[in-house]
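Below are two complexes that have chain A in common, paired first with chain B and then with chain C.
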Partner chain A sequence: MTFTSLLFLFLFLPAVLLVNYLLRSVPVWIRQLFLLAVSLLFYAWGDIKYLPVFAMSILLNFCAGQAAVMLRTSGREMAARIALAAAAGLDIAALALFKYSSLDMPLGVSFYTFSLLSYLFDIWQGRTENKGNILTVSLYMVFFPKVISGPVIQYKDFIGQTARPRLTRDNMVSGMHLFLIGLFKKVLLADNLGTSFQSVLDLGKMAGASAWLGMVFYSLQLYFDFSGYSDMAIGLARMLGFQIDRNFHYPYMSKNIADFWRRWHISLGAWFRNYVYIPLGGNRCALPRQIINLAVVWLLTGIWHGNTLNFIAWGIWHGLLVILQKFVIKDRAEAVPGPVRILITDLLAFIGWVFFFSPNLGSALHYFGQMLGRDGLGAANGATWYILRQNILLLAAAVIGSTPLPANLKKLIYKRGGRAMSLCWAIAGALIFILCIANLVGSGYQTFLYFKF
Partner chain B sequence: MKKINKSKYMNKLPRAIAWLAGEAVCMILVCMLIFGQFASGRASKTSFEDMKAAVTGAVTLTDTLEGNDQMIRRLYGLNPGDYEGIYLAYPKTNMGADELLLVKMKDSSQRRQVEDAIRQRNAVQKKNFDGYGTNQYSLLTSAVTELRGNYALYLVAEDTAPGKKAFDGKY
Partner chain C sequence: MAVRKRRPKSGGKRRLEYRLLMRFTLGIIVVLLAVSLFAPDRDFSADENRTLARFPALSSQAVKDGTWFEDLNSWFSDQFAFRGAFMSMRTAGQRAMGRLENNGVIFGKEGYLLQRPAVMNSDAARQTQQAINSFAKKYPDLNTCMVLVPDCAAAFPSYLPEGAPAADQLADISSFTGGLDSSIKVVDAAAALQADGGQQVYYKTDHHWTSRGACDVFMAAAKKMDISTDGKFKVYQVSDSFQGTMASKSGVHTERDSIEVYAPENNKVQYLVDYPDLGTRTTSVYDSSKLKEKDQYTVFFGGNHPLVEIRTTADTGKNLLVFKDSYANSFVPFLIPYYDRIIMIDPRYYYEDPKAQLALNHITDVLYLYSADTLLTDTSLKDVLGGEDASESQ
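Then we have the complex of A and B:
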């Protein structure tokens, strides 16, 4: 069951929202228990085989967290550190085992492992006073809007909300709106861009421009797929009374690579910053050490995404770009016009995505060769123009959709149109929903790209 | 010198030890569960082409056609592009029940979808033959459905044993 499955949209979600609403006046622990139960059901539906491992890991980390805090309070600092390190070590070892052995991976293992570690580190470092109880900590780990593919919510940002989820009309409406936007991005944009990308790959041998077109299709597909999923997750959480920060903020409008990483998968960047970069010393140390810290973060980011050399190459690529930006280029590029800087940043990011979609490093290098015309079919040929013609509207919609233009236009129309616009948007929303459902029914099942992490 | 109220802190020690014991038990259980998965759930490194060759070479299907992407979507609702490999042999006519679906999944998140698709296809076919196609119905009842690691096999045939054996051997 995924957010775009009919079972989820027409049965699971309405039932959960209704019961959650009906439980608004009961003691909060009952609502927490209900959300925990449906979250476990959601996870089990996708991967019941690994549910015991997940549940036991939650229990393990909870015990470790409680033990560490109490041992420290009792003056036994070393024992506390050992308790914490043992749990964290097992979490990381399990993640490495699942990612790099022949064992098939539990659903969302990369994301829920980060939640487990966030809990341990936040209560150890005192980033929150709230140690939680088994119910609230479990709910944090398993919360169904984010358990499988994020956003990577930090413990300190979630735990306080479990005591007082805000079920308001505004949250319900804005949550539904965000969910619908995410559904639109995933079903109507990402899935169709995926088909376009596949049509380029199906060429086998291709002209240079076809390969470039494929790279653009994939880059846009990945953005709409992942940001669409994030929007749906954040929208769902909001409908249930929980606030999650945005995970994407128009990354293809970035003016440099550092800016790109403040806009792309924001929650993952924040996790690595708070739990790896800053504990290593961050930028409060000598220059060589700062560079090493950044290199470690980017190597780990690449490894987190995948167990093959192409992902490590992707991490190294972005690490080098960030280091160059931070220590060499700095603000020298300010003189370059903004649109040019945006295009250059996009180009650098898109090149990185070639490592992402390639099954291995060799394939990625082969694809780069095709982008430079190594297949001997010239810069562009009939196939290039055919694919471009077939997808020009989709491409235009995707490019516009990746900018703030639609959101700004909507704000402007609301401002000018007043209350009457609310009804128009409601009708438009319903039409978009119907269109998405028709597309879902017609096209079969398309998985979310980030599920494989 | 300020007296430290040791009793206040020492009271937490027994509880801390209890939590430590819980942590230790959970660690053992997690390790056992993961080890158990290793024994039963490892993903196969066999290439899809090798697996397909082994299974199709071993099994005898009557009056079937190789399914294209459109047919796979129609009969199973699965998008071939989402999988590492997918092969379908489906009945040539409405009177046939012999069928073979072999899927190599990219990750465990696809498992449930494939399992549901196979179950639904089997149910639809049974409904089609219920009441008049006793032989076909019997074949469908004894169909082999194997979901292991990153592979799925669905086989409807007079003799499914060779196909299953080939699948097990190649896995």
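Then we have the complex of A and C:
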């Protein structure tokens, strides 16, 4: 079940919110148990076949983590390390097995493996108090808003909240608002951009500008798809009383690639920084070592996203850009006007997405060739205009939607307008919700791009 | 209180907005959920021409393999409240956004709803070509004719919006017919249709040709099939409310087509139609009960059948075997006065050896009548013709 299935929106979500609200004054463990149960149901809905595998690995990791901490406190450091390494090694091996074998991938395995690892590392390093409560640890791992596609919230940031979820009216209404924003981004923007992108791919042979247009469509689609999904997840968590930090912050407004990665899939970057980059020594070591550390992180980031060479190429591309930025360009680019830097950064990121959407490295290179006009259809042709003409409004909405402009405009209107403004915005929101329903009903709606990872 | 005063002004208004929005959203959810759950389930969607999902039976097997969850999803979305209205709203939204197509259907000029011509599957097409050629070589006495009908968008690209990309189906047709054995007579259906382009030779809301289009191509085919006709017909309009597959698929219901039936003016030939799959026999190729259904094109022969046998009083000594898709359903009625027997085989549903039909019915003539969309992408004709090869070689 995805957040954009009608069954989720109209049955699962209202039922969960209602029961969770009714349980507000019972002992907290009952509510935790309830959330664990509905999370497992949610997971089963998407992939019941692998639910036992998932449940086993939760149990195994819980025990291994507890064993490691106990062994360490009883002075058996070596045994403790072995227990920890064995569990982490097994998690990574399982992820690799699913990614590189012909087995079906369990739903969300890339994401939940990172949750398992975060639990192990956080209690090992004492980042948070280890209470050894299997109920809350399991809830962290299967919490349904984030289990399938993130955000990759870290154990230390989540576990404390299980004891006292903040079920306030403000959290409820602002969570719903954020959820609807996410729904809008996913259903009305991303899915339509997906149709536009597909219409470019369907051309087969294309003029240069058509290929560029396709790249822009996909880049915007991916942003609205994934950030919309994250908004929905964060909104859902908030309605249930849990705080998850934002996962995207206007990434296409970044002024350099390092900046881009502080704004795109923020939780994943934080995970790699905390559990890979800093343990390797981070930037507190000699220059060659720093470069190696960055290279390792980016190679792993690429591998995590997919098992084909094009994802590794994508990781290397971003790794090279980050290293170049950090050690060669540094702050020398400051002299260049901001908008130009934003456009250059976007161009670099968009080029990266060509590796991302291509099924393999060869077809990525083929697509780059098409952008340079290898099909011999010139810079632009009738098909280019045909596609541009019918997507110009969508494109404009998407470009404006990737900037802080709408949010700022709303702020300005609120500053000037009276309380009637609130009613107008709420009605607009309700209308958008109805449009989203129409799109969900009317289309064999697409599944989330990120689910395949 | 002091705290509340220091909060920025917009905070209060924003909070009010969120609270109102929450109420609206919950209201919408409750209403739609109630209507979805309490309205009786519908069985069939005429617009989509398919049965709608019912509440899935609960079984431990279905839960274990996950199909129950999938079926529950389909049930809920199929039985969702105001489903048709939401679909129309979506289409209206797409058009308002400036989209020139929806769900693969292009909004053409003059109200034509056009599908994109299918891209030729070169492997399948080559195999079909070889199967047809070897069948013709094996039965050199049969008078064989090929009619390959292009899509509306391929025959009349001027109906497409400016710049709309579409496969060059006419070129695909030429390359396919160019590779056929020289004994096979090829009818240039595209040219015949284009020559009559001032008239409506395709439906605006359906992917089929009109009876007028079929008549044009019949006139062109007659010479090659050794048929002499005076070309005089009485035309009866049997429907003016046809909204076909393209309307359903795109969700655009602004145009309606009329369906006409052509009857030769000077005809004394009578006939019987057998439908072995239904076990029925009629004296008409038209099934007027279908005019009350959504897909009115099925008025011709009541739709597709694996095998249809027509016996006539023509007494010409000629018996025809037709390999066909649904385009032939409105074409074959033109042929009735000129053959003693007409056997129609739709290889997509027919799994037997057609050789038996050759002997049984003393076949003298073979006609392949297909839309290019089917013949250039489908392998069922090759399977039916090639099945014979396999049995011969044993």
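Throughout what follows, the second predicted complex is superposed on the first by the 449 of 453 C-alpha atoms of A that agree within 3 Å, B and C clash if a C-alpha of one lies under 4 Å from a C-alpha of the other, contacts with A are read in each partner's own complex, and residues count from 1 in each chain.
Throughout what follows, a contact is a pair of C-beta atoms (placed from the backbone, for glycine too) under 8 Å apart; a residue touches a chain by one contact, two chains touch by 3 or more.
Everything numeric in this text was worked out from a predicted model, so none of it was measured.
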item: First, second, both or neither for A:125, with chain B first and chain C second; value: neither
item: Contacts of A:408 with chain B and chain C, given as first, second, both or neither; value: neither
item: Which partner reaches more residues of chain A (counting touched residues only), chain B or chain C; value: C
item: First (chain B), second (chain C), both or neither touched by A:439; value: second
item: Contacts of A:47 with chain B and chain C, given as first, second, both or neither; value: both
item: First, second, both or neither for A:67, with chain B first and chain C second; value: first
item: Partner chain(s) touched by A:168 [first = chain B, second = chain C, both, neither]; value: neither
item: Partner chain(s) touched by A:283 [first = chain B, second = chain C, both, neither]; value: neither
item: Which superposed partner A:107 touches (first chain B, second chain C, both, neither); value: first
item: Overlap of the chain B and chain C footprints on chain A, listed as residue numbers; value: 1, 45-47, 49, 443
item: Chain C - residues contacting chain A, complex; value: 9-10, 13-22, 24-26, 28-30, 32-33, 36, 63-66, 69, 72-73, 76-77, 80, 83, 86-87, 89-91, 93, 97-101, 103, 161-165, 251
item: Chain B to chain A touching residues, read off their complex; value: 9-10, 12-13, 15-16, 19-20, 22-23, 26-27, 29-31, 33-34, 37-38, 41-45, 73, 77-79, 81-82, 106-113, 149-150
item: Chain B-facing residues of chain A, complex; value: 1, 45-47, 49-50, 52-53, 56-57, 59-60, 63-64, 66-67, 70-71, 73-76, 79, 83, 86-87, 90, 94, 97, 101-107, 148, 194-195, 198, 443-447, 451-452
item: Complex contacts: residues of chain A adjacent to chain C; value: 1, 5-7, 9-11, 14, 44-49, 169-170, 172-174, 176-177, 180, 192, 199, 202-203, 381-386, 389-394, 411, 414-415, 417, 419, 421-423, 425-427, 429-430, 433-435, 437-443
